[in-house]
Structures are given as C-alpha cells and as structure tokens.
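Two complexes follow with subunit A in common, the first pairing it with subunit B and the second with subunit C.
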Partner chain A sequence: MTIGRILTGFSLTLALVFAGACTKASKDSSNTLYAYSIAKIKGLDPAFSDDLYSGAEVARVYDTLLQYHYLKRPYVLEPSLAEALPEISKDGKTYTFKLKKGVLFQDDAAFEKTQGKGRELVAEDFIYSFKRLANPKLNSPMWWILDGKIAGLNEWRATQAKAEKVDYDVPVSGLKAVDSHTLQVVLTQPSYQFIYNIAMPAASAVAREVVEKYGPEFLNHPVGTGAFKVAEYNPASKIIYVKNPTFRKEVYPSEGAAGDQEKGLLADAGKTLPLVDKIVMTVYTESQPQWLTFMKGELDYSSIPKDSFNQALTPQKELQPELKKQGVALHSSPQLDITHFSFNMTDPVVGKNKYLRQAISLAMDNDKQIELFYNGRAISAQGPIPPGLSGYDEKLVNPYKGHNIEKAKELMKKAGYPDGKGLAPLEYVTISDSTTRQMTEFYQKEMAEIGVQVKVQTYSWPEFQQSVKNKKGQVWSYAWGADYPDAENFLQLFYSKNASPGPNDSNYNNPEFDKLYEKALTLPDGPERTALYQKMVALVVEDTPWVFGVHRLLFGLTHRWMKNYKPHEFHGMSKYYAIDTALRK
Partner chain B sequence: MFVFLVRRIVGSIPVIFGVALVVFVLFNIVGGDPALQMVGKHATAQQIADIRREYGLDQPLFVQFFNYLKEILTFEFGRSYATRQKISDMILNGIGPSLSLAVPAFLVTTVLAVSIGLVVSYFRGKLIDRATVLLCVVGISIPSLGYILFGQYILAYKMNLFPISGFDYSWSGRIEYLVLPAIVWILLSVGYDVRFYRTALLEETSQDYVRTARAKGLSEPRIFFKHVLKNSMVPIVTNVILEIPLLILGAFLLESFFGIPGIGSITIDAIHNSDLPVIKAMATMTSLLYIFGNIMTDVVYTLVDPRVKLK
Partner chain C sequence: MSSIHSAVSPLAPTQPVEIKGKSLWDHAWIRLKRDRMAIICFSIIVFYATVALLAKMGLIATPWSDVVGASYQAPSSGDMRLWLGTDIFGRSVFYKVIHGTRIAMSVGLVTAVIAVPVGVVFGAVAGYFGGWIDEVIVWFYTTLSSIPNIMLLLAIAYSLGKGITAIYISLIATSWIGMARIMRGEFIKHKNREYVIAADSLGASNFSKIFKHILPNVSHFIILNFSIQFISAIKAEVILSFLGLGVQGEPSWGVMIDDAKLELARGVWWQLAGATTAMFFVVLAFNILGDSLRDALDPKIK
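Our next item is the complex of A and B:
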C-alpha cells in the first residue's frame, strides 16, 4: 500500500512536470527576425567591439560615417551618417565629411537638455568618439584603427596618459568640426585604408552625455543612431531589438551586383529601412541546438555546423531534397579569410632555413585537409590574399604547395636534413579542442612522410596566445579574417613593424617587403598598387613564412519566408532583411 | 552551538587562504597573460604595458596576492577582464537561472532517489532490486552528452514537446525552457543517488536494532519506514547538503547546451579567457559555499540524530 502510494505520487509529479512543459513553440506571425550569435556578447560599447559577434550587435544600434553597400560586390563603401563620400584633399591627407542633417540619437534619460529625447547628431560627436578610442585610460582594443593615422591624436593620447583625468576638451589638430555638420579629419600621411577603418563598428558615433552618465556601465546602455534600439538586454543569452522610431530616412538599395535582380534581391528597392519591426537575437554557444532550432523554423537563417553538413547538403554540395521541398535556400560565398601555419621566423632552425619551410609546405596535402576538416567548403590558398580583393591572382600557382613528397624530400636535402636526419623534432604549438587535435594528428602524419618529427605542445587559448606573442615555439596554426576589404589587411601580417605581439605572428622580416608595403600604403586602389601587392605576394610565397592553408567558403541557409538575404562579410546588414509573415505562419 | 559555529568559522579562514593561494598560483603560472586577451589581435607592446599597469598586473606577485586577499575580505572583485561587466552583476544575473534549473531538478532527484532507494532496499535481492540496480548502472554509464542530444533531438525537435534551448526570465518562461534540462539533470543524477541511498539504507538494515525489532515481531514496513529510514538520515543529509554548493555553481554542460545564462558557463568562460577577476570571485564563492555546506551538515546532524552533539 505504502509503495503504491509512493509510486502514484511520483507518477503524478512527473505528469505535472511534463504537462507544464508541453507548450509547443508557436510560429510567430509578427514581423520579427529571429537571429543568433554563436558567442556571448561582451557588451554593446563600440570601443570594445573587437570580436566579430559584439561588432555585429553594435552595428544594429550604432552607425558609422560610411557603410558597405549591401548588394554590390566587390565591396564598396557608401555614405551612412555622412551625406556623401568624403572630399579628399589633393595631398590625400585631409578628409571632409558632411553629415546628414536631422539624424537623432535614440531617446535616453541621459539627454537631459531635451528631456530624454534623443538630440541631433553633430560633427563634435565624431570628434568625441574618435578621441574616446584613443583614450589611454579606456585602453580600447580597437585603438589600432586610428593609431598613428590622425594628426595630433597620438600626441593627445600621450598627454592624457600622464594626466589624472582624461580631458576631452583638449583639442586634436587633426580633428575639427568646421561647423555643426562638417567634420574635417587631417591624416598624418595619406592612407587609403582610413575610410575602411571608419566604417568599422568601433568608429560609430556615441553621445558624450550618454557615456558620461553611465560611466563603465555604458556598455550595457547602448544609445546610437542606428536602425534598431535595444528593448531587452541579456548579452549572455538574448537581446531583443525593436525598430528605432526616430531612425533617419534610409531606403533599400535599388542597384546590386549581377544576378541580384533575378534572385529577387531588388524587390524591396526604395522601401524604407529597416524592413523588420523586431529582432530576437539568441546566443547559442553549441552548434546542435542552434541547428535544430533552425530546422524547427524558429531561426530564420543559419550557418551549417560541421557535424550537420551531411544533413543539409548532398556530396555534390547541393541542398538535400527534403530541405529544398521546405523552401530552404542555400547561399554560398567565399570568405575574405585565410588559414595558415606560421613558422616562427625568429627561431634559429625554421626561421633561418627557407628550404626546410618550403619542404614542409610541399609535404602538406591541402586537398585532403579541405575534404577532412572543411567538408570541401574551402579553396586552397596559393598566397595570402583571398579572392575578391584587388591583388588576388587567380592564376597564381604556389610552387611550394601541392603535396609533392619527392620535391619536398629534395628540398629537405638542400636544407641539410636529408630524410629529416639531424633535425630535432619541431615544436608545434596548438590549442586543445577536438578539431585542432585531429588536424594536429594529420599534420604529424604528413610531416612523417619527409622524416620530420613533430613535438606537440598543447595549450589553452590564453596560453597559446601567450606563447605565440612571446615568440615561443616553432610552428603554429592560425587564421585571419578581413577587417576591411583591402589586401593590405592581409599583407600587413608580414610587415616587420607588426611583429609579435602585433599581428605579424610569424615575425617575418624582409626589408624589401617592408619597402613595398610602405609604398603601397601611399597609393590608391589601382593597377600600380595591385602590382605592388603581387610583388609582395611573390616574396612571401618564395620565403614561405607561412604554409598557406585555405580560404573558407561560407555556406548559409535561409527559410522560405526570409527575404533579401545575401551573405556579407561585414556588419549592419539586418536592416535590409525582410520576413514574409504570411509564409511563416 | 554558538561556540561550535565560531570555532568552525575561524577554522575555515586558513582554508579560504589556502584556496586563494592555490588559485592565484595556478592561474598566474598556467593561465596565460590576461593583458594579451584584452588587447586584441592588433596588439602593440606599448598597449600591453599600459594594460598591465592599469590592472596592476605589473606589480610583484605578492602585492597582487595581497590585493586578492583584500578583494576576498571586501567581496569586491571589480570587473571582468574579458567582458568588462561588473562581476557582482554577472554573479547575481547568473545565480537566478542556475538555481531555477538546479533547485527543482535537485529536489525531484533527491525525492525520487530516496524513494526508489527505499523501495529497492525493502525488496533487497528481488527482481525489482536487481532490475533497478542494473538500470542505475546503465544510466550512469551513458555519457551526459548522450542524454542532452537525445533530449534535444527526440523530445524537443522530433516530438516538439519542449523548446530546444533558451531561457526566459519570466516564471512561465522559466518553466517552459527549464523542464527539458531538468529532466536531463534528473536522468543524469538519479542513478548515482539511488545506488548511494540504497547502500546507506542496506547498511542500516544490518544493524542490531533491526534484528531486535524483527525478534519483537514488528512488521517489516514499520521497521523499514519508521526506524531504518530515520536512522539513515545522517548519510542522506550529508549527501544532500554537500550537493547544495554545486547547485549554485551551476551545471556547465546543461547550461551551455540549453542556453541557460547561469553561473556554470560564466566560470568556464572565465577559465577559457584567463579572466582572473572572475576566476578569483568564483573560487572564493565556491570555497565559502563548501565551508557553509560543511557547517550546515554538522548542524543538521544534531537535528536528525540526537546522539550527535556539537562541541
């Protein structure tokens, strides 16, 4: 009897628990975009938007002077908060931006003078925002976008570093508000990357009174001029945005790249942005729940996780018929990135022996690597510049790639290590996640073919970074994604002044390369600069400070109700997305 | 009792000091340089030096350790290096979701496990006992990821019984999102707990007083549910109270897969990012909770067993 009662009690409890849970996810018929992030969001302060995911969220709320055209490829800049592209002086050093009139910050209690109504954006806001990036007490990881570029800004930073409190009222010679809506920026030297730098989310306009009111909590009180404002905020799990009611008049583009018209990407041309009323952004740090949520129709778009690739695509990289039937669309585009093995060029063994590096590069089976670790979603990199950027040469064939063991063995002889004899095991520094472990095993097997032994040193990510930045270890693998669409962003990875702890992690140092790089910096995009880029590529291909890996392809899926989706490398695109609410029901 | 509590609290100070020292040494030796994490991919030596100076990372280690002890005393751990969020806010925001999952799951698991333990120990050696023990062993042997994947794929995706993952701060939202992870939690821990409580109960049934009771002709259910259960409370209470700190600290894997913004994932993120202030705060919180749990266990002993006296 007693046991019977106990068991009945359990059954009832469990039944109640299940009953409480059995709420089927309803299909939302509102004009809402269901978006996601694969990492927690650090906060929404543009000055700390140094990771991809925080940058993407910052760009929903904040605006920059210039932005990337949504549809045109290759990527081109267009005005955002600026009325037009800047006027550039003949010497290439003075940029004059006319700001759009009537652009308002989102309403916030910090705007006391206007009783909480967002005030108009003025040129001084950019001067403040740029100085804030330079603030030595703030130590923004995005300072690099302006470091050394604007006349007087580095000096201002140095002066403020000595002061007890940073004084934003101290003028900077290179930053001037000619009038309330005209911003003049004087550069230290001509820079054709500057306009890309100021299109990054970190260069967004922030309002001084908001920053000062919230202090260190500003990162949780985003107040921008962007298309969306934050309605619900939990950066570790979910952020809900709603349409900014005071957003300036901006319309969907009426021109695009070839083929966009046929794909229906111009159907909303001229419509007022943003096209959705609300964005629900959920954080998924694991790929399985993100993928299943998409498959259930509760996310509007998704990348394809490595482990779900076969569920989504056939071996011919086409959409599985079942998904096609549901109206799911497949989008693929090359990413502006590169993976690579870096040789530590300060190491007395690998750094001083070009033939050894070339032999190792030749021993790597890139095609197999693409098949095993990228599900075929990558193309072999012949040099550092990815396709889609000026300077990329599709005819380039790297003579030290192609899994040629015979040639690699010859080079090993030339290097002074026939069949690896006399060569101590190479110290390969790596991180400890499962894919990297598999790649390391593959790498060890490849090296064994030419007699090179590999000693693996596994670290956590912070330790790995410490090792690389302190030039310890002989070889490691890394990847680089474009900050902006200029090959310079990839070539700077070989500039000697950027050696560790800077982004030149291989510590490559070639005065000839440096000379070409410095000259290229002074040239606008054109045949002359492209020729210089290609010369630089030839140098690094021959010197092989890297084993060039792959340029990854981005594969994404959208449900049939999601409109206007076009893969884009940069941020701020959610204002163009549209939802066919009738189809989602 | 008061003297006992004061003595235990004073006695725990060296423990906290020891934990602080171990955490400090461990993360200063193997944790990587936090300045490199903060400065980003375009680092310059000057920026790294500035950050090290700003956060006191350029100070001698003993000064840094002294500052850490000060933080423990004041419970003021500042801001996270990685997210720049206030650590007290991170913990406060994380405790709610962690406990929302852990408390109901833990209570159900405990009631279920004690009850099943009672039933199977009552039927010791019979089919129901053997079958339950076998089920428990099988249940323990299945990796936790297996339960999670099954729950998300079959129960949530295929059968549409639950949301796949997520969290909502409203009470109805919490119930909606937390039932599936709670079921997984129960499945994950009930097998271990049943075996533990069964053993504790069986241990008790071999005591002399049980033989005496039987000799006196008391009925088996009376012996079992009145006397054996009461006397088994000491190991049961020990197990339950020692698990309480773990509840607050969250279940990392469940939180991570089910998108619950709890304490478990904050801790793991901090370790991944070499986020020293958060690591220090969590280590302090953990040691304090364990000390509190231990003291509570001793106090509760006196309630469940009159023979125990606190001295």
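Our next item is the complex of A and C:
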C-alpha cells in the first residue's frame, strides 16, 4: 500500500494503518463501520496518495492489480484485479497479468457511452493509469514507484514534457494490452520491488473518461472499482462511503496465520466482501476528541493517545479491567516505520554543514522522547531501516545519537558555530496540533542546549506536505511507514532522483549512495543485497540528512462489536472488517 | 465719622487666596478611595504588574525552563517550585504561571498603550472634523469590525508568523475600534458646546481645540477603555496561544491550557488550575476596577 508519510506527533499509537471506525453507540443498528483519520485528507486521487491518510481512503474506493493477503504473515501478495499472480518471463523483465473479467467501474456520469453505468475494466485502463503517474504535467508525487522501471515510460515522460499537451495515445514500449484482459509490462531491468509497487494505492486503476471529464477536480471525484464508493465527501472533516453495489465477487479469506482461527478471524471465511454496508470516516486532528468518541462507543476502534495511556492500559501494558469487561480488545504489533527530522539539504546552512546536522542529532534525548511521547512504546532508531525488514542491523550504533551534549558542542565548534554563535534561528516546519506542539517544544529545548535556536512554522497536514515539497524551511519532523515489506522502501527516501516532490524529502544527494542503491535494485533478497543496504545505511548515518527518531509499536483498541480486526501495515483492509450490530446496541 | 468696619475693605488688595475647586479627578479619587473593593482590585493589579516586572527583570522565577522534578509531578508544599507541580518536561508550573503573567501583562499593557491612543486620535479626528474624514474613518473601522474578531486575529497571526510581536500587532489592529467609536461620539457631542465655541472665537487652532479643550473633558472614557482593552488583550492572547498561534517557546497561560487539554485525561489538573486561577483574578480585578472607575468618574452618579 501506499505510502508512507505519517505525522510524527500522533505517533503514539498510530492506528492509522487501519483507518478507524466509530459507531453510534446505542441506537445505530445499521451495519456501519465508524472509522477515523488523524489528519485531513488531501483528496482521493491515487496519483496523489502520497501520505498514509490519503492512501487509506483511496484504497477503499480503488483497486490495484495485486493486494496483500489480509491474514497471512509475513505479508504475501495475492491477486486483486488480476486473475492470478503475474507470469514472469525467465529474464525477469516481462510481467503478464490476466485481468479478472466483468470487473466494473462504479457508476458515474462520466461514462457517457453506457449512460452513466460503470463500464468494464480492461487492460488499457492500467496502461492509462501507469502513464498518468508518469505524466510530467501532473507532477505526481508517486511517480517514483515506476520511475526508471518500465521500458519506454521515462522516454514517454521526457517527450511529453516538451509537448504542449500530454498525449496518452503515444504508445509506451513496455506497456501493452495483448488483449482486452491481458496486460503485459516490460521492465527495463529485473526489479524486485515492481511487484510491490503495483500493489500500492497509487497504482490503482482509474478510468480515463472520468479523469478527463473532471480534470483537476478528479481529486475530489473518485470513481474506482473498489468495495466502497463515496456517498458524502468532505475531506477536511468527514467522508461517508457506501457499499459499491457493482463490486465484483470477492470473498473473505479462508486461511490465515497461526492463531487466527482461535481469535475468530476465520469465522467469516467465504463470505462476500465487503462485510459492512457503510463507512463513516471522521477526521480528528486532535487526539483527545478521537479517544473520547471511542470511549463513548462511537468509534469502532482507536489508537491510544499518549495522555490516555494509563486510562487504557495497566503499567504491565495490559488492558484495564473496566475496558476488558466492556469487551474491548487490545491489539499491539510492531510497525514498519520510522520517525525523523529531515534537514533540507538544499538549504545553504543546514544542507552544507554536516557537523551542524550531526551536532543536532547528538543533542536529541531519544530515551526521554520515547518515555514522554510514546509511553515507552517505541525503540530508538539508529538508521532508516525498521526491525522486521532484511537490512535492519540490531548491532548498529549510530555514533551521532545518544544525547551526548559534550560531543555535540565539539561538533558545533567544528561546524563554525561555537555554542550556536553566528547561527540564525533554524526554520522548523511542523504540524499544528497540541501533541506536536509539545514535541516541538521538546526538540526546541534539546537544541537550545547546544545553542541552536529554532523558529517554528506550523501548518495543517496537507499544507505541511506542500511546504516540504516546495523545499521551504530548514528542518521538519516527519515519519515514514512502509509501503511494502522491503527495506528498499526506506532507502529510496535518500535516492537523489526521488527528491521533492518525490519522497526524498531531505533532498539528499550523494552519488555514492545512488550508485549503491541502483545496484541493489538489481539484486534479489539475500546476503549480497543486505550488505549493500547496510553500506547505504552507513553513508546516511554519517551524512545525517535525517535525525533518526524512533520505530513505533502500534497499540490499538477495538470494541466488542468490531470483528475481524487484525493489525495490518498496508491499506485496503476495511472491506474485511465486520460489525456485530446486535452487540453494538 | 462713621465707624469704619474693622474688616478689610472688600476692595482693598488682599493676599491672594487660592480658591481650590475640586476637579472631576479629585472627586473620582475621593469616591474611589471609599470603595474598598476597588482598592483591593487595584492592589491585585499592582501585584500582578510587580510580579510581571520582577519576572521580566529576571529577579523571580528564574529560570523557568529548568527541570525541577519528574514529568507531571503533583503539587507539593515545601519547595516553591513544586507548589503547582511540574509539566510534561518536569518544569515548574508555578514558574510558568509567573512567566505567563509576564506575557499576559505585557500583552495587555502594550496593546492598551498603543491601541487606546490610536483609537482616541482616529475617533477624535473623525468626530471633530466630520465630513469626508469622518466617513473614511467610519468606513474603515466598520469594515474592520464587520470581520469576526477572532478570524481577523487568526489571519494577521498567520500572515505575520507566530510570536509575541504578531500578537501585539494583531491585537492592536483590532482593538482600537471600540475606543475610536466612543471618542467619535463624544467629540460630536462636545464640538458645539459653548466652551469649544469660546475657544474657537479666541482663535484656538483645531489641534488645540481637540487636545487641549475637548480631550480633557472626555478623558475618563480613556481610562475606562484602557482597563477594558487590557482585559480583552489578555484574553485574546490566551485564546491565540491556545490555538497554537501565540507565543512560541515561552510559557503562556493559553499554551498551558492547551497542554491541559491533553493532560487532564491523565489526571494532571495543575497546569489548568494554575493558569486559569491566575487569569481569573487579574481579569476579575480589572473588571471590578473598571466598573468602579466608571462609577467614580461619571459626574451624573453622585
């Protein structure tokens, strides 16, 4: 799934991955999932689903060729719009996908030929959707998932950049519809990430007539093939989805990971998806109202805000007895994510002064941060790769971490700013909620210890992302959650060609890193690739374009009437959730 | 010979005797002195001002940013710094309240000191001259006041970036209007009174009529308005800081209340208690004093 840009502030428990659900406690007997998002939604265009929250919403409406199995761990891909996993040629370059027959787009006025009835999905739709990510005029922040991967696509992009109007009819050699339901993709070189990339919401199938009809408004006019369609749309506060009546036949999985049977996760095996009729998704940018709404039973699940931690859990990190009595269930799982500060490497001050960056990194008291803001539910990140992915090195000790003020002060001298003298206050960009403000205050305090002053600029989540994409500011706090289970997803964040508006938000540019990265792309998972990954990590650790924060643990709660909930790193899981309407009463 | 009155002839030159009439201010002071409540409130304000001044000079509650205990330590007697417990970072909430007082008082003072004269000048000029000048000024402030105050504050704070300067500017920009309205009305009333006409016939300039003749006669409104501006500035600062648009990196009552919004869930009430109590007394004192001043200064209430 999609991406990973995450708020750091809320971190706490970030249930994000599964967008929440809330339920009108007592009187609502409808089969409705009450979900939430902790950030405003930018819109529902797959090409702009470059943050966790937009990605989660996109995945309710749109579908991809492949998806992750809901229950199996480690994560495995299974066909979604494809009939089966692709056939891959011997040289690893040609992927052939057979599409499911009879998959319909949701009804929309844009389908003029069929009088507003959604037409059938064909292979051409994927060719169009992939080209759309490459469209130089659209400037999609998700282009990176296909950049350099599909034969002829980069050339198409370059030609179209010069053209006055982008012509989707110009063919791309690597994208071919063999017949109406067979898609053939030829890669430039074997890629071990491509298969994951096309399972991300950004690679969803969009219909050309809809995009062309609505133009820029397509962002607010989603028409997909997914399990849900939008009924009411207000991305800053509430989105209501209803079951898509023309959704293809898809059933709840009948096998899962060990222990799923006992947890009742297989009770609905074989049932037609989606299991709920409606989703009400409310935006809560502050954690307290979200929590209180959950406690009232008006959200079906919730993360636990840092200040409500003791209300939910005992010091042994077990559920409080009162909650247990109510049938609330606790779900905890490590997350494939990392929080970080990014230095804007294009900035003449922080970007050019390694010692300054290292000094700031050293000034941060990570342990204190974990205690104050994550209730101990996080581990200090030494490098960019989270545990659980090959490339993560348990023994790695980042020499520029550990709250060593003395060493930091030494580095400040080397940087040319002894005790911060001569250094103008750094422009720090962040998000404007209360928890984030407290975190910012904490960072300010830490940096002040070595004489670094900070000027804070706060925005709402979509504005914040825009500011980062425009390379405004010198430092910002961010987080990244895995899009797919490969450490490459974290290392591409430092690849120079992915610089803003791509996911390399620090705009780090190191030819040596790029070379290693490009080499690693051609290798399958194995010791050789892992060794390359670790070399890359060492470069990033030394150059410190980021101050590595923490890897978080997810702590989420569900009410007794919410069924089939299992923590999942990726998107599109709301179709599996079920509500026991009798229990909700 | 008729006897001569022993008394000095009324026509005879005498020692000049100063016949001292009581001015409006003297009367007001006498009345105010009798009002115990007003005196108490005045003392409270003086106390707050002193605390703010001492904190500003670094003589008390310094440094507020030091860690004095564990995170969220409950209030305890003994060490003064722990009277109101500690915040998330283990800093003294008591010290933060004191420094919040400094911020609040300085915002109140700066805003009132600048906004009130601005309002006086605009109102006086509009009311005195009338005509197109009046129309322009009235148009200007009605337009400004037709925008909801809080929206205007937010817009200014957003465009200027955050911090205390932005707060000063945005509060000054919005709070002179009330004063200007009152002044305009008073000047329209006074400008045709006999004493002004007399001054006019003696050749007084417009400037001297406005500032020397009329202004002293309406000056009690300025005092009243000053105290009102003071409170509304304090409240606005708290609201802006609560919304995250206020002071940055310094303790403010608004920021403390924003903290409390999260902390109350874990039973940490002392930041909220400290900030609201401090705010309560100063706002109450200004309100009561404002009322007493009004009573004391209004010649119609005797």
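Rule of thumb we're sticking to: the second predicted complex is superposed on the first by the 365 of 585 C-alpha atoms of A that agree within 3 Å, B and C clash if a C-alpha of one lies under 4 Å from a C-alpha of the other, contacts with A are read in each partner's own complex, and residues count from 1 in each chain.
The rule is short, and it goes like this: contacts are C-beta pairs under 8 Å (C-beta built on N, C-alpha and C of every residue); 3 or more make two chains touch, one makes a residue touch a chain.
A quick note: this is a predicted structure, and the numbers were derived from the prediction, not measured.
Chemist: Quick check for you: in the superposed arrangement, does A:Pro305 touch first (subunit B), second (subunit C), both or neither?
Modeler: second
Chemist: Between subunit B (first) and subunit C (second), which does A:Lys238 come into contact with in this model arrangement: first, second, both, or neither?
Modeler: In the superposition, A:Lys238 touches subunit B alone.
Chemist: After the superposition on A, what does A:Lys445 contact: first (subunit B), second (subunit C), both or neither?
Modeler: second
Chemist: Under the stated touch criterion, which partner chain does A:Pro503 make contact with: subunit B (first), subunit C (second), both, or neither?
Modeler: After superposition on chain A, A:Pro503 lies in contact with subunit B alone.
Chemist: On the A-aligned overlay, A:Pro141 touches which partner chain: subunit B = first, subunit C = second, or both, or neither?
Modeler: In the superposition, A:Pro141 touches subunit B alone.
Chemist: Subunit B or subunit C: which reaches more residues on subunit A?
Modeler: Counted on subunit A, the partner with more touching residues turns out to be B.
Chemist: Thinking of the overlay built on chain A, is A:Gln457 touched by subunit B (first), by subunit C (second), by both, or by neither?
Modeler: In the superposed model, A:Gln457 contacts subunit C only, not subunit B.
Chemist: Classify the contacts of A:Gln288 with the two partner chains as first (subunit B alone), second (subunit C alone), both, or neither.
Modeler: both
Chemist: Overlap of the subunit B and subunit C footprints on subunit A, residue-wise?
Modeler: In subunit A, positions 286, 288 sit in both the subunit B and subunit C interfaces.
Chemist: If we count contacts the way the header does, which residues on subunit A are in touch with subunit B in the complex?
Modeler: Touching subunit B from subunit A are residues 2-3, 6, 10, 13, 17-18, 20-25, 40, 42-43, 45, 48, 50, 136-137, 139, 141-144, 147, 161, 216-217, 219-220, 234-238, 282-286, 288-289, 292-293, 295-296, 298, 459-466, 469, 501-503.
Chemist: Using the touch definition from the top, list the residues of subunit C that touch subunit A in their complex.
Modeler: Listed in rising order, the residues of subunit C that touch subunit A are 65, 71, 88-89, 161-162, 244, 248-249, 255, 258-259, 261-266.
Chemist: So in the complex, which bits of subunit A are touching subunit C?
Modeler: 286-288, 291, 305-311, 371-372, 432-435, 437-438, 441-442, 444-445, 454-458
Chemist: Which part of subunit B faces subunit A closely enough to touch in the complex?
Modeler: 30-34, 36-45, 47-48, 50-51, 54, 79, 82-86, 93-94, 97, 108, 111-112, 115, 118-119, 122, 149, 152-153, 156-157, 160-167, 169, 175-176, 179-180, 182-183, 221, 225, 256-261, 265-266, 269, 271-274
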